Amino acid sequence: MTVMVTNAEVLALEAAPAQGKTRATATADVPERRPAQAADRAAQPVLALSQIALTFGGVAALRDVDLAVAPGEIRAVIGPNGAGKSSLLNVISGLYRPDRGEVWLGERAFAQVPTARLAAHGVARTFQNLAIFKGLSVFDNVLMGLAHRVRSGFLRQIIGSPLARRIDAENRAAAEDVIGFLHLGEVRERAAGTLPYGLQKRVELARALVARPTLLLLDEPFAGVTLSEKLELSEHVRNARDSYGATIVLIEHDIGVVMGLSDRIAVLDNGSKIADGTPDEVRADQAVIDAYLGVAHQDITELAV
Amino acid sequence: MSAAPSTAQLLPGAGAFAITVGAAVAFGAVPLLGSDYLMDAVLTPFLALALAAVGLNLLTGYAGQVSLGSAAFLAVGAYATYNLHLRLPQLPLLVDLVLAGLIAAAIGIVFGLPSLRLRGFYLAVSTLAAQFFVQWALTKFGWFSNDNPSGVIDAPVLSVAGFTFTSPAERYVFSLSVVVVATVLTQRLLRAQSGRNFIAVRDHELAAKVIGVPLLRTKLLAFGASSFLIGIAGALWAFAYLRTVEPAGFNLDRSFQILFIIIIGGLASLRGAFLGAAFIVVFPLLLSRAGAALLGGVFDSGVLEMSQRIVVGVLIIAFLIAEPRGLIALWDRLWRAVARPAAIRNT
Amino acid sequence: MFDYQFLIEVLVGGLLSGVMYSLVAIGFVLIYKTSGVLNFAQGAMLLFAALTFVSLVERGSSFPVAFVITLAIMVVLRVSVERAVLRPLVNQPPTTLFVATLGLSYVIEGAAQLLWGTQVHGLDIGISDVPLDIAGVFISRFDLFAAAVAGSLVALFALFFRYTRTGLSFRAVADDPFAALAVGLRLPRVWASVWTASGIVALVAGLLWGARLGVQFSLSLVVLKALPVLVLGGFDSIAGAIIGGLLIGAIEKLSEVYVGRLFGGGIEAWAAYVVALVLLLVRPSGLFGQKLVERV
Amino acid sequence: MIKSRYLRFAFAAAVASVLATASAARADEQFFPLQSYRVGPYAAGGTGFFGGFIDYLNLINIRDGGVNGVKLTWDEGETQYEVERGVEVYERLKGRPGVAAWNPLSVGIAYAMIDRITKDKVPLITINHGRTDSTDGRVFPYVFPLLLNPYSETSGIVNYIASREGGVDRLKDKKIVVLYHGSPYGKETIPIYKLLADKYQFSLEQIEVPHPGNEQQSQWLSIRRAKPDYVVLRGWGVMNPVALKTAQKVGFPADHIIGNVWSNSEEDVIPAGDAAKGYIAITTQASGEQYPVLQEVIKTVYGAGKGNLDDKKRIGSVYHNLGIVNGILNVEAIRIAQAKFGKRTLTGDEVRWGFEHLQLDPARVEALGAKDLFHSINVTWDNHEGDGRVTFQQWDGGKWKVVSGWIAPDWAFLRPIIEKSAAAYAKEHGIKVRSSGDDPVSN
């Protein structure tokens, strides 16, 4: 019975993109392209985790988790609270060092991903509890997403050497583009700290997108956001993949949104992966239902409101 | 500390106009009309402390690294300039100043290293190590003060390209030009990517790391640039203002004074540094002059001084309660209230 | 041959003076632990307490009477300061609060001198400083007395924290002010009582240091001795303040007596900070301070 | 913009009020600008010294109607013993008409003013302190370390210790420790102690006490290990009582501790309580109020309710008497200058001439009512110290008692050292060394 309800919710979502504010760029043909993309999933994965195990002082947060993310895919990782989703993302972005296993970014493997060079590897992420720079304006926040590209030293910046000016101009153009893309135009000069929560989430997304990352890690982007903002944000996430060509890994515990948005879903439950497949396969998977049944009533009421 | 829109943005036209008028008054009217007292006892110290506050604001206001040892870098700047001038006489004074600033920057970077692991008051109190060490070293090793038995150094003559700055007005103009140039360069740095990196490191160090901001280089640049500015301010304080200096003049009270200036003036704002310096340097003098003039007969100078100290203390607390973001926020609010009708009219 | 007897004397002297440092440090810890404020007016309040006590004694009142009156004045002063200065600034960043307490120290220093004059006062609390000679090692009676007082004060606080309700509320507020608020602890009352407790420590420290230095303006400079103790022991731990104090006292004396000669003496001032700094690089929030957990 | 308008208005008002008072003054008045410090760590010294100085000026005004009819006026500016405050008060008061001399009683402020007063041609008086080489009037025409410069004080202390040991030759193999305050004032005498140690073959150790000196456990433990015969205390402020208390703690006898001229006041010993009993200190002026000039101050000045000290018990204290003596020297210099230039308001340079001829033999000192208060002074154009003699006083727990006659430092030995250091200063600053008293002063 519980599944039925979520299904309705999902259908509503699926219909949304059709009438939603479609961007000028060619998103119209999205439905046809998706099956083709699924076919070449066997191509080199953008991200692959093999046998990742992580313990915090005896408590096993992750138990031998494998995950592969194909280029251009919206890959979701869901699971109840405390399932290890955020730990997984922190392992991918190098904040935690796994006890065992490796993280493959494209063709390079890391025992621990060097966080400082994440941006250089084309990886960007957002944070669960919103890591924007309150003291900077929205535009400057977005500009910060390209910090790793600024090769000119501080002296060149002071003098305003040709190199410094060229890089600055390129960055500003890219920032303008993303500001327009995520409709942040009218708040661009305001200090990020003064914006409502939903808008701040969008600024963080813009900052992650501006460097046109090959891999975009989203840590519960829909947490604490109103329903209408959820729709808008999922719209932006889909556009991010389509017009910015980013492969997206989405960590979320709100099943409704995820089902409609992601190509494939992995389900974690207290540290281990219990299911991995398309939204339909996962929805039918008994292990997933049992895991969620345990917490189902709580999630459902939240959705029903 | 959100960077409130500065006055210039409110009245774009007025900004440029205000700067030109300000420059005309500062460089022209004041030196010609102002009294020796005004320049030698009020404006020159104000400029030196304002430059030191600009330096500390860069480190504490923009980059979020609290430092209680800024007086040590004032001392390094003063003693380095003295020794460069003494031991390498062929170098022009301006080169001495820049080199002294670089020496102060180098020492600033060394004492900035703990900031990679320490935060908040642990970092602040560990910068005290710089304060006490530098003060001890300058008194202990006679070489720094040319083996003067008491460790006091006398100011070299301030001469640039043949022109000597001796009278209070000339020394004032010399300090003013150095401070204006240094502040403009600092502003360019803070408007560029490095400035944004500072604020990023202050507001969310982890996010800054993830998006590729070089934490080590950014923090050390903050310490280095801040100590560079404070070093030059120290040289101005010693040679344009006091013209003789002893290490005790750069004690902990001096560090606290500079911290007062940027907190009262307003963190992460260059104009805040100047406003704060005006409050901390000029206001007590005004208070003591007014006190002496009005109540001179009734109380002796001691009682006046103590009551004046209470008034300054109370005002500091009152300002912090009224506007935690400092005078600059009060000033901008005042300006916005005055300028709002004007702004509407000319947009 | 190496004079071990002298080494013991330096060590004991260092430890005992370290106790005096931790006495001052505890005044800081109490406030920082419960409200995150580094109360730099503690030095001025220490001076004010000692000055009030001495002036009362000189005006004829006996020690106990003067102690009680001074205590009352300190309580009133601390509560009003907490109410007038700290509460309006309650959620401001630590640097703003730090500077507010600096401003407060100006006010108190000015008021103390206006009220009681700028004269220097002797304070004899009846404990002679003629050293005990234990097997050739000189140990000062005064230091032992000071150590006993500090020790009993610390024990008192430890018991107070562990077994009384208000003590428990202190610890709750220290751990998580919002949670404490949620369970209905009246935060303002806790902060007022914490400031009073730290006022009592300031009074005791003021009398002990006053007896040693004489009650004069420079008494407020004693806080500089407490800062390295806080850094080493951790800003928010009483145990850290005690052990940190002992360590800093010993390190200061040993470094000055044995290593000072190489640097030409006078290294005491910065030696304590450098040692605290080195240990800090190993443990960024002091030996006993709460580790700063950053929620990502 | 609003701010600076307010600023300009405030200054105009302040300057106007200052000018008003000045013009109203009658023609012949001699003005003393005072950079006093009545607040902060050194308030005890400041209130005593400036209290004594003002008391003596009042005495001259009330009793004699000024110096030969020229009334003495003064104005105080608070400096809290901080150099930049001292400079600010200097800039504020230097413009007043008839400035006689500056008496800052602060090493830091004195150093900062040497260039300024030389340019203004106004004498700077640093009684018992200041730059030792400023004794050489040929290089420092406007600076007067009257009575005692730090080197003479050192020589006086060593001579006193020698007298207690039964003669200079008995100093051989004695061990003296100098405990000095970690500041320019404290370090000034390091070289001269070394020279005297070589000369008299006594072993010497100099230990620094970091400012403010409120904790000296390690210094006194080193002293206990060194087991010296005497400890010279070259302290200032809180360092003095703490030194005496800690000495008692390590069992060092107080009567073998010799305090220098800035560790010799009641305020330095009272806080130490019984630990100070027996402690001996050098002084250029005895303490106590039994001297005729003190009695007159009490009768006429305090009698007329114009006494500067609020606590009458401090009359006759070491600092108060130092202020009185400093008053006597300033007034007599003016009297001597008036004899040459006329009984009117003198210029700074004329007062300088007065100081360069300030010779008060014991008879003249007695006529001034200061017999046994201070010995004598003999300033010449090239010796700005004036060969002041010193005496030693012992604290008996209640007051200072003089325990030695007037002792003369070894001036002959010190003079060449002073001239060498002054010559170096002259070379570094391009000052022409004067060859005679009437030489017009260069720069």
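Labels A, B, C and D are assigned to the chains in the order they are written; within every chain, residues are numbered from 1.
Keep this in mind: contacts are C-beta pairs under 8 Å (C-beta built on N, C-alpha and C of every residue); 3 or more make two chains touch, one makes a residue touch a chain.
These figures come from a predicted structure and were not determined experimentally.
Participant: Report which interface contains more C-beta contacts, comparing A-B against B-C.
Facilitator: Looking at A-B and B-C side by side, B-C shows more C-beta contacts.
Participant: Farthest chain from chain B, going by mean C-alpha coordinates, please.
Facilitator: A
Participant: Which chain is in the middle, if each chain's centre is the mean of its C-alpha atoms?
Facilitator: Per-chain C-alpha centroids ranked by distance to the global centroid put B first.
Participant: So the centre of each chain is just the mean of its C-alpha atoms; given that, what is the distance between chain A and chain B in Å?
Facilitator: About 44 Å separates the centre of chain A from that of chain B.
Participant: From the C-alpha centre of chain B to that of chain C, how far is it in Å?
Facilitator: Centre-to-centre distance between chain B and chain C: 32 Å.
Participant: Determine the centre-to-centre distance between chain A and chain D, using the mean Cα coordinates as centres, and give it in whole Å.
Facilitator: Going by mean C-alpha positions, chain A sits 76 Å from chain D.
Participant: What is the distance, in whole Å, between the centres of chain C and chain D, each centre taken as the mean of its C-alpha atoms?
Facilitator: For chain C versus chain D, the centre distance works out to 37 Å.
Participant: Can you pull out the residues of chain D that are in contact with at least two other chains?
Facilitator: 38-39, 43, 47, 182, 210
Participant: Using the touch definition from the top, which residues of chain B touch two or more other chains?
Facilitator: Expected reply: 1, 136, 139, 206, 302, 306, 309.
Participant: Can you tell me which residues of chain C touch two or more of the remaining chains?
Facilitator: 113, 118, 264, 266, 269, 296
Participant: Within the complex, which stretch of chain B touches chain A?
Facilitator: It is residues 1-5, 185, 188-189, 192-194, 196-197, 199-200, 202-204, 206-215, 221, 225, 268 of chain B that touch chain A.
Participant: Where on chain A does chain B make contact in their complex?
Facilitator: That would be residues 93, 95, 115-120, 124-125, 127, 131-137, 140, 143-145, 147-148, 150, 152, 154, 157-158, 160, 164, 168, 189, 191, 193-194, 207, 211 of chain A.
Participant: Where on chain D is chain C touching in the complex?
Facilitator: Residues 38-41, 43-44, 47, 182, 207-210, 212, 214-215, 217-219, 221-222, 224-225, 237-238, 241-242, 245, 248-251, 267, 270-275, 310-311 of chain D touch chain C in their complex.
Participant: What residues of chain D sit close enough to touch chain B in their complex?
Facilitator: 1, 3-4, 7, 10-11, 13-15, 17, 36, 38-39, 43, 47, 76-78, 80, 83-84, 87-88, 91-92, 95, 107-108, 111-112, 114-115, 131-132, 182-185, 187-191, 210-211, 308, 421, 428-429
Participant: Once bound in the complex, which stretches of chain B touch chain D?
Facilitator: 18, 25, 35-38, 40-42, 45, 136, 139, 146, 149-152, 154-155, 241-244, 246, 248-249, 251, 275, 278, 282, 285-286, 288-290, 292-293, 300-302, 304-306, 309
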